Structure formats: C-alpha cells, structure tokens
Amino acid sequence: MSIIEVRELTKVFRQPVKGPGLAGAFKHLFTQKYVEKRAVDNIHFSIDEGEVVAYVGPNGAGKSTTIKMLSGILIPTSGHVSVNGLIPHKQRMENARSIGVVFGHRTQLWPDIPVMESLTLIKDMYDISSEDFKKRMDFFVELLEMSDFLHVTARKLSLGQRMRADLAAALLHEPKIVYLDEPTIGLDVAVKQQVRSFIKKINREKHTTIILTTHDLGDIEELCKRLIIIDKGQIIFDGPLESVTDQYARERVLHFQVMERVENPHQYLQGLPGCRLEEKSDTHFSVYFDKTLLSASDIVSRFLGAANIIDFKIDEPKIDDVIKHVYEGKLHLDPREESV
Amino acid sequence: MNTVIRRSIKDRVIKNVYIYFRIFVQNLRAILEYQTDFVITMIVAIITQLLGFFFLHLVFQKVPDINGWTLWEVLFMYAMLYISGGVSSLFFGGLWSIGSLVRRGGLDLYLVRPVSPLVQVLASNVGMNGLGNLVTGGIILTHSLMNMNIAWSVQKGIFLVIFLISAVIIRTSIIMAANSSAFWIRSARNTVPFLINTISDFVQFPITIYPLGIRTLVTMIFPYAFIGFFPANYLFKDTEFAVWGLLTPLVAIYCMMMAALLFKRGLKSYESVGN
Amino acid sequence: MIRKIYISLANRSMQETMVNRTSFILNIGASFLIILSSYYLWKAIFAGRDQLGGFSWEEMKAYLIISFLSNTILSYFSEVKISQKILDGSIAFDLLKPIDFQKARLAETVGSSVFEGLVSVVLAFLFLFLYEGVAVPESPITWVFFIISFILSQTVKYGVIYIFSIFCFWTTGFLGVALARAAVTSLFSGALIPLSYFPSTLQKICTILPFSSIVHYPISIYLERMDNIEILGIIGLQAFWAIALWFFGKWFWSQAVKKITINGG
C-alpha cells in the first residue's frame, strides 16, 4: 500500500517574456508575451511507507516543483497526487500534520529567539503534548548533541548546529513523511555523518518515509535504496541505487596540498590499480581513483613519508555527473518499475 | 484508513488566537533584545507624528478654520488616523511583509504548517513604531476631546469606543487588502501598499474640501473617512454627515470581510503560480 | 568620463520601473492624486482670500506644482533600495565590487527617476492646463536660473536621502527612518508649507539648513522674489550643500563600512 501516489502529474507555468534592453522593457509596457514552461511533465511514481528515496535532478529539473505539489503548497495543472490518503493541495492543513520539511538553505527557526523557544512554538502549532514533547526532545538532544546550543538564539548558530535544530524542528511532530532538501549542504564531515546516522535511525525506528533531494552522492549512497531522477520535468530513471553506483559514481578525487614540490609524484602510485595523478601546480596535485579498488588511505599512506602534506581533501562525485551519464546513455540501467 | 481530525470552528478560532499570541510574544521578546533599535524606531515615529502636528499648528496660526473645522476638530481626525495606524503596525505589522514572504518563498514555510497562514503572517512582525504612534495619538486625541465642547452622554461614550475599534479594523483591513496585491504584483518595486497607505493622509482633513471623486475614493473604495471624519461628525460636528457615523461599525465589518477574501484569493493564486 | 558601468546601472534601473505595467500606472495615478489633494487642501485653507502667508493664490498653485515635482522626481525607491541592501546583507556583494557605492546608487536613482520624472512633468503640465491661473515667471532668464536651481535641489535631496539611508547600518527600522526623513525634509524644505509660515527664529534656522535648498530656494527664484545677485548667492549655497552632503555621505559611508567589517553581519 503506497503512502505516496503520483499519476500523470503535470505543472505548467506561464512566464512573461520581454525583449532585451530598454526598448524591450518599454514595449513590454504595452504588449505582454508569455511562454509556457512545463516544469513537471506527466510523471508517475509511488512510494511505500518506510522507503528512503532520493529524488534528484539538475537545477530546474522539476524537483522542487514536485515536492511543493506533494506538500500541498502548489496546485498541479493536471494529474493525480495523493499523500497518506489525502490530496495535498485540497487538504493542506491536514496533510501538514503528517509531513515534515527541511529546507536546506532556509531555517524554520525564528532568528532572534533561543532554539528551545522556537521548538516550543512548534510544539504548540502541532498540538504536541508536553509528555511527548519532553520524550522527543530528550531523544533529539541526545542523538544530535543539541544541549550546548539549545539556549542560543538561532541567528548565532553555526551551519551544523542550525541544521541539527532544523531536523529536530521538522521531526518534532513525528511526521509520517519527511522531505529533506539538501540537508547536509555545507556541513563538515563529522556533522554530515551525524545527520546521516540520525536520519537512518529515524527511518528504522519510526518507519518514517523519507524523500531526499540533494546533489551530494554521499548522502544518497548512505541513506537511500531507491533513486528517482528527474530532468526537464520528466522522470528518466526510477530504480534501485545499486544499478547506478555499481556502474558509475565509483571515481573519487583526492586533492593534496604540499609544502614543496614533490619530485616525480607518479612514482608513489606505482602498483596501485586504476588511478591517475594530475599536477595542478608546484604545491597542488590531485589523484583520481576507483573507490571500489582503492581506499583513500591507500593513497595517502603512499605520500606520507615522501611529501610534507599541509592539507588534503576528498571530492565526492556530484549526482549531476551521474545524471549526465544516464542521459547520455552511458549508463545502461535496469528498466523502470511500473507502479501497480 | 486515515483519521481525519474534525475541529469545531470555535476550537480553531481559539487555537489560532493562541498561536497568534505565542508568536507575537516571541517576536516582541526578540525585538526588546535590541533596545537601542526599538527606541530609535519609536522616537522616529513620534517625531514624524509631531511634525505633522506642527504643520497643522502652523496652518491654523494663519487661518481660524478649514472649511468650518477648527484646529482641535482636525486634530481629532489626525489622532484617529495615527491611533489606528499605530495599533495596526504594532499588532499586525506582519502584513507589510507579505511582499517579501511571497517573493522569497518564506510563505511556503507557513503553508506547510497546520496553522492558518494569515495568523502566522499577522504575528510575524511587531512594529514598535506603532507603539510610539499609539501613545502620541492617544495623547493628542485626549487633548482634542477635552478642548472641544462636546455634550457627552453614555451613548456617545460607547460610540467613541466603537469608533476606535472600528478605526483599527478598517485601517488593518485596508492594509491587508493593499499588501495582498503582492500576490499578483510580484515585483520588489510594488508600491501599491505604500500608495494606498499614503491616501490615508487625505482624511486628516474634512473630506468636504475635496471634489466628489476623492470623496468617493475615501468613502466607498478605501473607507478611510470612517476612521475619523464620520465619527467626528457624529460626536461633535452634528452636520448632515452625523448619521453616517453610525454606519462605521458596519463598514468595519465589511472591510474585514473584503480583506479576508482578497487575502484568500491571493493565497490561492500563490498556490497556482508558485514563486 | 562617466564610466560605462554607471550608465548601464542607470539603464537597468530605468528598465526595472517598466517591468510591471499595473505598478507603473498605479504610481502615476497615485502621484496625480497626491498633487490633487494638496491643491484642494490649500484651496480650502485660502478660502477665497487673495493673499495668505505672503503668497497670492496663483503663486501658491505654482508653489504646489514645483513642490510636487521636487518630491516625485527622485523616486522613493532609491531610499528603499539602499536600506534594503543593508538590511538583507546583500551589501556585502557591493563592498566587493570595484564600484563606488555612492555613485552607483546615484546612477540607479537617476535611471529610475528619468522616466518617472518625465511622467511627473507631464502630470504637472496637465494640472496647469486644467487649473489655469498659475503664476509664471515674466523673464526668460528666470527660467534658466530656475532650472539650474532645480537640478541642484535634486542633488541636495539625493545627498540627504543617501545619508539617511545609511542609518540602516545602526537600526533595522528602515521604513520608519525613511518616513521620518520624508517628514523632516517635507516640512523644513518648504515642500509641505512655505517657510514664511514658520515663526521667524525657525525661519532663520531653516535658511541655514540644507533642506531649504530643496524646495524653498528654487521656488523663490521661480516666483521672482529675488534680484540677480541674491539668485547667484542662492545657487552658490545650493551648490555648497550639494557638494558638502556628497562628501559627508562619503565619510558617513566609510564609517558604516568600518562598522560591518569589524562586527560582521
């Protein structure tokens, strides 16, 4: 029994278009021309309760438009959408009780009051009882290590702290479905890990359905079993994640910054399969490797004795590259599962 | 099967009022943190009002009346305008943020919560300038009433209270309707709310000085005249317009309904068009 | 001479005024309403008298038109835009650009004003046409002096607006500050009421302040109340204020920038 059902869903926007320059602006005063944009074009999918799905695509592909229709903020042009048995835009407030949203770039918290006060306000908005509130707060505070910033005003939080607080805020009312938009963007490795484990735990224990929109492949690999790719308003892939990662998204890049130039750095990678080195400058070079064949430490250890390493960082591939490859047909994937 | 929570209208109203106050108090707390800031805002508001008062004082130094209205009678209307504007700013200042909420998508956050978006909008901003205006306006009102020879009665007393409440409702409703324009005019340069608010300046003076067109504008279209002019006529001018003063509470209810309708339509449009 | 970037800023600003038709038309309509209402107010104040406050009714009508032009030509948006940039933090980007902030905002203001200014002038002439009996200068030289004085007055006005907008670095109530500025400027420039209505000590003080250069002096020139020597003196005073305010604005700006770079946010 699917908790989210989307059939023939379409959203068309009308945008005014004006000619360039001053003349165009002036003409625009008298005659207005519009162009139609099919942001979401006849898409289908269904999601079962408890699934963790990555909903990805390049910018402007229709991701946020879809999410907005699922949360009831946007009215579809045509088609059918049902979430938890309700039609989101028709029963918006009821639907609101069973969903939680984390906007990666915007916070739910009130900026000039302590985090705890924001959460208490949210408790009141969702009619959460004091016992439930206390229980859930204890849970969040422990798992997300919130005790040292609960009484700080939201404006003064670091990005990592803010994200954790926003997660608590979104999950306070134990929604059945959570939409996470870029939840780990800009976070450092440690906090990213914390956020990912938290999300995994919530999914396991509360059976929360999670829809994740992100450009971070690391997020997707750790959390999601299913991947839906949307591009130019149409779904071009819907299936298990392995199909994608096994064939692609194996490349990682290690960027090194060294004190002084290393003589013939290629020699240190001898014997290591499937990697190549590019020198960017005297003090910077990068190593491209296949993560299924090597680990980052395999490579770093090779240079530890030889070079005075000031800094290094690892690039995780972007989902955009994966999509590009799917689209270019470089990826041969399992056929889409049709919903019953 | 999903359980649908049926709430009675009374429950919903109580909840909305409660949430309004919760958000309002938190925003007020936040503002009081920045003390210099809110003191400056209040002082600035008081200065603005006093300058207007000074203007009237200067004019009346040279002429004894304007169209038969003396200084105190004009000040009554002036004060009603500022009191209604002040209460509006203080308690419903969030209305002025509708534009930026729509443009930047902050409204989405309100829509995703199980609380009336209007309530969240209303409470979203506390205009401390409103407090300054309210107090100064109150002082001017008291003085003007004391300086006029009014035959007070219980009936007039009750009506004064009704006029004050209606003035706030009419002012707030017009502000709500004017700011709802932001749902359709998405430009950051939308001057509609500001312009409609500026029109309220016309009713500082007896509307009898204006031609029919302007009189209709501030009576029928944006009923600002019911904030000060018609109540004044009922309370102490006793002209043929005195009777119109009695219509004030009805006009207030009408304005409230129109504003709510416009806001609702605007919200619908926002949900169709997105941002 | 004038860097290309400033011209394109002005250009873009002009385009922005035309983006929304409804808004544009409403602005024009509202401006018309405002001049109309001040006409009716003063008509009621004069109540058929020939003279009041040292002005004849014909002169008063001219006064209203010029005051209106002075108020509406520089759009309200230059203030809002500057304050907005400070409040939402986008000013950080402007600080990084190799463009003089003050000059850039002036370019934008001029851009948005050209079109609206044109419309205001058309409205003013419409008004003149509908309600004839407006005082007009006899000598053509007056027109020349008047136009110079008017242009200077707008420069002074911009100077005042710019300085007040920077107050936003210290307070978030920018709308209030803008309204207060408008009120103070309106009153002390003579836009709202001729300075002759003020008690004499206050009048003397006003002549020293920059505000009188915005409305009072240009109008005095227009109504031919001064001889040529006095006129030159006034134009000199206006020029002084225009320059003084520009440099004060520059200094004030640098103080404000220091504040954010030290405190952040």
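A, B and C label the chains in the order they appear, each numbered from 1.
What we mean here is this: contacts are C-beta pairs under 8 Å (C-beta built on N, C-alpha and C of every residue); 3 or more make two chains touch, one makes a residue touch a chain.
The structure presented is a predicted model; accordingly, all values stated were derived computationally and were not measured.
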Taking each chain's centre as the mean of its CA atoms, the one lying farthest from the centre of chain A is chain C
Innermost chain, taking as reference the mean of every protein Cα atom displayed: B
By raw count of C-beta pairs in contact, what's the busiest chain pair here? B-C
Between chain A and chain C, the Cα-mean centres are separated in Å by 50
Just the number, please: Cα centre separation of chain B and chain C in whole Å. 28
Using CA atom averages as chain centres, what separation in Å is found between chain A and chain B? 43
Please list all residues of chain B that touch 2 or more other chains. 34
Multi-chain contacts in chain C: which residues touch at least two other chains? 19
Sites on chain B touched by chain A in the complex: 1-2, 4-5, 15, 18-19, 22-23, 26-27, 29-31, 33-34, 105-106, 108-109, 111-115, 271-274
Which of the residues in chain A end up touching chain C in this complex? 18, 21-22, 24-26, 28-29, 32
State the interface residues of chain C toward chain B in the complex, per the touch definition above. 16-17, 19-20, 22-23, 26-27, 30, 33-34, 36-37, 40-41, 43-45, 47, 52-53, 76-77, 170-173, 175-177, 179-180, 183-184, 186-187, 192-193, 197-198
So, in the complex, the side of chain C touching chain A is made of residues 11, 14-15, 18-19, 21, 24
Interfacial residue positions of chain B with respect to chain C in the complex: 34, 36-38, 40-41, 44-45, 47-48, 51-52, 54-55, 58-59, 61-63, 66-67, 96, 128-129, 184-187, 189-192, 194-195, 198-199, 201-202, 205, 209-211, 214, 217
